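These are the structures in question, set out in turn.
In what comes next, subunit A is part of two complexes: it sits with subunit B in the first one and with subunit C in the second one.
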Partner chain A sequence: MSEVEKTFIGGLKEKLVEDKVIDESELDPNFAKEIQKYGGKDVMTCLQCGNCTGVCPISLKIDYKTRSIVKFCQFGLKKYTLGTRWVCATCYRCYEHCPADLNPAEVMIALRHIAVREGIIPPFVKTAVTNLVKYGQSVKPDPEIEKIRKELGLKRVHSEDPEFASVIREIQVLVHASKYDKLIGIQEEVKL
Partner chain B sequence: MTAPAPQDKGATTSGQDKTKAAASAPRIGVFVCHCGSNIAGVVDCGKVREAAEKLPGVVVAKENKYTCSDLGQEEIIKAIKEHGIERVVVASCSPRLHEPTFRKCVQQAGLNPYLLHMVNIREQCSWVHSHEKDRATGKASDLIRMGVSKASRLEPLEAREVPVEPTSLVIGGGVAGIQAALDLGNMGFKVYLVESQPSIGGKMAQLDKTFPTGDCAICILAPKMVELSRHPNITLLSYSEVEEVKGYIGNYDVKVRRKARYVHEGKCIGCGACADACPVKVKNEFDLGFGQRKAVYVPFPQAVPLKYTIDKENCLYFKTGKCLLCVKACSNQAIDHKMQDEILNLKIGTIIVATGYDSYVPKKNGVYRYWEFDNVITALELERLVNASGPTGGHLIRPSDQKTPKRVAFIQCVGSRNKKLGIEYCSRVCCMYAIKNAQIIKEHEPDTHIAVYYNDIRAFGKGFEELYHRIREEYKVEFIRGRPAKLSQDPQTKSIKIRAEETLLGKITERVFDLVVLSTGLRPAEGSIKIGKVLSLTTSPDGFFAEAHPKLRPVDTAMDGIFIAGCAQGPKDIPDSVAQAKAAASSAAAPMFARKVSIEPLTASVNEDLCVGCGLCTELCPYGSPELVVSEKGGMKAHIIEALCHGCGTCAASCPQKAIITRQFTDEQISCEIEAALSTTDSQNGKHAGGKKKSTAEV
Partner chain C sequence: MTSYLNFFGCVIPNRYPGVEYSVRWVTGPEGFNMDAVDHPQFSCCPVPGIFYSTDKETWLLLAARNLVLAQDAKRQILTVCNGCLSSLLKATEYLQEPKNMGKANRILAQIGKKYTGVPVKSEGKRKVFEPVKVRHYIEVMATDVGLDAIRQRTKRSLKNIKVAVHYGCHYLRPTEHMTFDDPNEPVMLDRIVEACGATSVDYEDKLDCCGAGGGVRSHIVELANSLTQDKCTNIAAAGADCIVTGCPFCLLQFDNAQKSFSKDGIPVMHVSQLQALAMGIDPISLGFDTHHVSAHSLLRKLRGV
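Right after this comes the complex of A and B.
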């Protein structure tokens, strides 16, 4: 398994191999409705034609099948889906091609919402948000990058700009007000 | 009426009328139906009956397990006779289902059949409120109270009879139209068959073989075409179009435009000397552009009638004023470039619409690149390419280099089952014709590798599943469950690479094929849309003509005397089209055998004293029923052609003078219902809510 696969879809495959027989008690009959609640269309309209997998740019690089994730959702196999949600680039190509007018990308976004609410948050999300409240961007400023920017005659990144401090503060207030800090456990960073 | 609204808004129901009605209040019987558990499972029918008993004018109220059964009808007749009932209210299913049943029953007991009123407590109550039993019971009571109130104002009506012309018009000369015309002709009726193309035969004439038996399509169709053209009772009007249809069942006046062929049908013997002489070559539409024809042509060798037609757009004489080589070649002087369109006026009793379908044409920017890649073709094009009388003489070639393809792929559900395109229906024939075409290719070239990309295989008919299995097992055709995502073309070989997920394997595959066939779906024919407007026919959401009832009146339309057959009604295969054509023919024959038809009296009628002849009703009526005529009293007045009127009430509602009433839906009757709905009880608990009277003015 490649590094990318481990980061993004790790857990799913091991679980699938482990479970020889899926017990009915593992199925969540209201899962499709839950997805709808978080902005996905009705996954039950999917006819499993596989067009979405075929057009998915992610599927070129790693073993990731949009169609089968939608099938898991239809089936109510909640825990299988929760390890897969972050890999989607939300390019919406699947939506463009879907003959059933379903939007698999939005289903993936809904799955992220559900996963975060269930407390399943991969470490890279926490890192990204920590960077956001510290520097106002999800990628940590790097002296190497600054050097290259200078060589290319570009401005310094905003986070290095003293005037940008008030903007970062605003982001922190927003993150705190929406209780997002508590949800992913970065209260300390926002307190400043 | 116990409690008419205190502030009566409707001026038409004056106080005087009400006292009169009360004085001679008709005796009403209410019959509450359980419909097994359909109604009784939700609505407390006992409670509803008790409430109905207390209503003013109600003499008797009964409940039945099945009111429509013999026993139930017997009870109605008995009650009418024993209690001297004058108005009958049946609370059961939709009047669409059993109104005729109960009308007959009431008539048997000696009452006028139009003194029956049906209250729908099934479709409009128990079925839709199955989770709220108490409130459904309350609503059923409310509905019955409204019904009883209306029933007290019902007037007896008499049905009228009109004569029927024993002549039929069949529009469309495909297999359905041909069969319908033949059946009617054999029954002894005069039939006119109108076909817009130079030859009859329709889409079936273009096909190679038919599934599941593998009969050659034209071989089984051509004898029928010839039989039709020689039938003494059938007049074939090819290269003609229906321009105008006026009138009503039994009495249609139809205008048919006979397009100028520039060849006299009576003189042409079909020798083809003119076509040999003609210097102009164009693509033949019948072969979907693969073959060629001359500017004077018959579309295919078996054409009926075998009469040549000059294509005005391409003929040199019409373009330059010179040439006339065909005229010199014709030994019978049949060619006349000065011919004009003719209009034929026909008197018609019944009409059968069999206008067929159009094959779906892939979009210009579609993912399957039909317009870009030479070797992506549609299934109908393949039919011509494998057809023995087609442009290649039955040798399958690929368009880019005329070589025989070694690897062929079929892509299913193109232009079907696609919400994005707004085509949600299944075209029903594509699975089977793809399987059949795979078989034909395998029989021609046994070494060809064939793959079918499908979503679901629908082999539902007689012998279909067996053929599907034979193709898999005997012919080793590969079936891949997955909708192709991307097609790309090799610039050198012009072969097509298909990228798709093989969903049963869970793997993305990329494979190369020499030829890709798109199994395109069926769309309503363009001609159908035009004819639909001429005949005021309604369509279902899929765009095909709507039948009067999906199960019980499958070949009737909402217009009496007009029937539908074949793919005009929806996608179907040849056996189904023929069966439906035979059904339509026998349905159309029924009123023609009887020579008369009875017409419902539930129509609009005009009070000439009030009518000012504004003509608004003539514009709004969807059926063309009202017309403005010079009245005896002078001036233009609206007049309703009753045979055309469906009693929809559009004219009555729109009439600024209130000069039009719709029988059995008069303002007075509807006001009564509304008053009853608002007046007495509270539907929540069924208790009399004395102080809660609402005035109609408030509402």
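Right after this comes the complex of A and C.
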């Protein structure tokens, strides 16, 4: 099976499958089960009608076709599907238009779950989780905005409040209890 | 009178303080005088694009923590953001499943919290619980406050202003959660804009995605921007003076993306800012200076210059 490297918008390079011939040794027979475990329960019932691709705002723009991804998942082509996981905008249009009432967006979300567990973690995920365990918010407080808040007569953001420390502790307990800190690799930020 | 808990989320307080100010102003004594208070312990909802996408268990725990606070305060959550709405609403639905609730409560016990839902009545010894109500600002304005009340309070004429409304995906979909507005032909935001005295213009692909959601903006910003560019082309073709949305993340995307493909851009604002403008607030308090696209063109038109 041959791979072709394609350049997407923004210089992102992904290796895509070009040939229709698939070598059996590349298939992961448990891939569909893994997807179902993480919430993509509809993956095997897809009839490949292609409505999802037709309404997908991302499929219009780049070489990412919802229908093909679901097909690859059905085959068990794990390594080819994990490359496309973060381009889904989770707009749920595919779900809205699926004649069989399946939810392809949840399949994409399950792919992200699997990718993260394989150690493929985009840096922005790490940043957001770090912000959450540090400030209790996913967006980092900005000192410039803090000045404008003062001018408008608004209170300081909660995360700047000393009383908020107990909330941050609670968040850290939860993140640690579900082993999420280890999964994302931010154990050193969680100080319990 | 229904009592609410303000849930501003992450983007509004840390990026668009003007939106926070106008929401407080519109719901406060100078506006509709609603019973809406803050909860000092609310954290991030958490973001569906990060947490729901990578670990549903952690996502549910963090969302349940916020829901417990609202449950104990016996108030409805008033979200100002589509992301917070979809995350918290989905969490209440997950927690209806006894297995999920039990699992979440076992870990929540470590921080001394327990999610049960709000007790509504008791049948003998058994108590009947209802999930915590999570509401969107647009829905509350259109139904609880009412369009007539909005119309009556309009002081400043927005007659000449043409508005392109953008609902945002998570206000509309997935439809099993969103039952308050028609997902294929939503009307509430258009009606609020009309009640404020402005004209809501129709444009092509009105319900399309802004491009930011689900981590796309953080992953490949050019891809997100090219989706926004398509939307802005359609909006400009309809001759709109500004874009009004109910979601701060869509607002952030429209506001930041436009400088990558156009020089001036179309001003973007949150629906609460438009309401506050109509109700006669001094535009200086709307925090337009934190927006990247200048709102001068709009304000000049308002003054009739």
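For this structure, a couple of remarks:
Going forward, the second predicted complex is superposed on the first by the 154 of 192 C-alpha atoms of A that agree within 3 Å, B and C clash if a C-alpha of one lies under 4 Å from a C-alpha of the other, contacts with A are read in each partner's own complex, and residues count from 1 in each chain.
Here is the rule we go by: a contact is a pair of C-beta atoms (placed from the backbone, for glycine too) under 8 Å apart; a residue touches a chain by one contact, two chains touch by 3 or more.
What you see is a predicted model, and the numbers here were worked out from it, not measured in a lab.
Following the overlay on subunit A, a side-by-side fit with no clash is recorded for the pair subunit B and subunit C.
Here the apex is the CA centre of subunit A, and the angle it makes with the centres of subunit B and subunit C after alignment on chain A is 90°, in steps of 10. By the touch criterion stated above, A:88 is placed in contact with subunit C alone, subunit B being left untouched. Contacts of A:116 after superposition on the shared chain: subunit C is touched, whereas subunit B is not.
In the superposition on chain A, contact of A:136 is made with subunit C only, not with subunit B. Subunit A has more of its residues touched by C than by the other of subunit B and subunit C. Of the two partner chains placed by superposition, only subunit B is touched by A:68; subunit C is not.
Of the two partner chains placed by the overlay, only subunit C lies in contact with A:178; subunit B stays clear of it. Once the two complexes are overlaid on the shared chain, A:49 sits against subunit B while remaining clear of subunit C. Using the contact criterion defined above for the overlaid structures, shared-chain residue A:59 touches subunit B, although it does not reach subunit C. Across the superposed structures, the minimum distance from subunit B to subunit C, using CA atoms, reads 8 Å. Looking at subunit A, you'll find no residue that touches subunit B in one structure and subunit C in the other. Contact residues on subunit A toward subunit C in their complex (touch as defined above): 8-10, 12, 38-39, 57-58, 61-62, 86-93, 95-96, 103, 105, 109, 112-113, 116, 122, 124-125, 128-129, 132, 136-142, 145, 148-149, 152-154, 157-158, 161, 163-164, 166-167, 170-171, 173-175, 177-178, 180, 183-184.
Across the interface of their complex, subunit B is touched by residues 45, 47-55, 59, 65, 67-68, 97-101 of subunit A. Considering their complex, residues 10-11, 13-15, 17-18, 20-21, 24, 40-44, 46-58, 61-62, 65, 107-108, 110-111, 169-170, 173-175, 183, 208-209, 211-216, 218-224, 226-227, 285, 287, 289-290 of subunit C touch subunit A. Subunit B meets subunit A in the complex at residues 367, 413, 417-421, 455-456, 481-486, 499-503, 506, 508.
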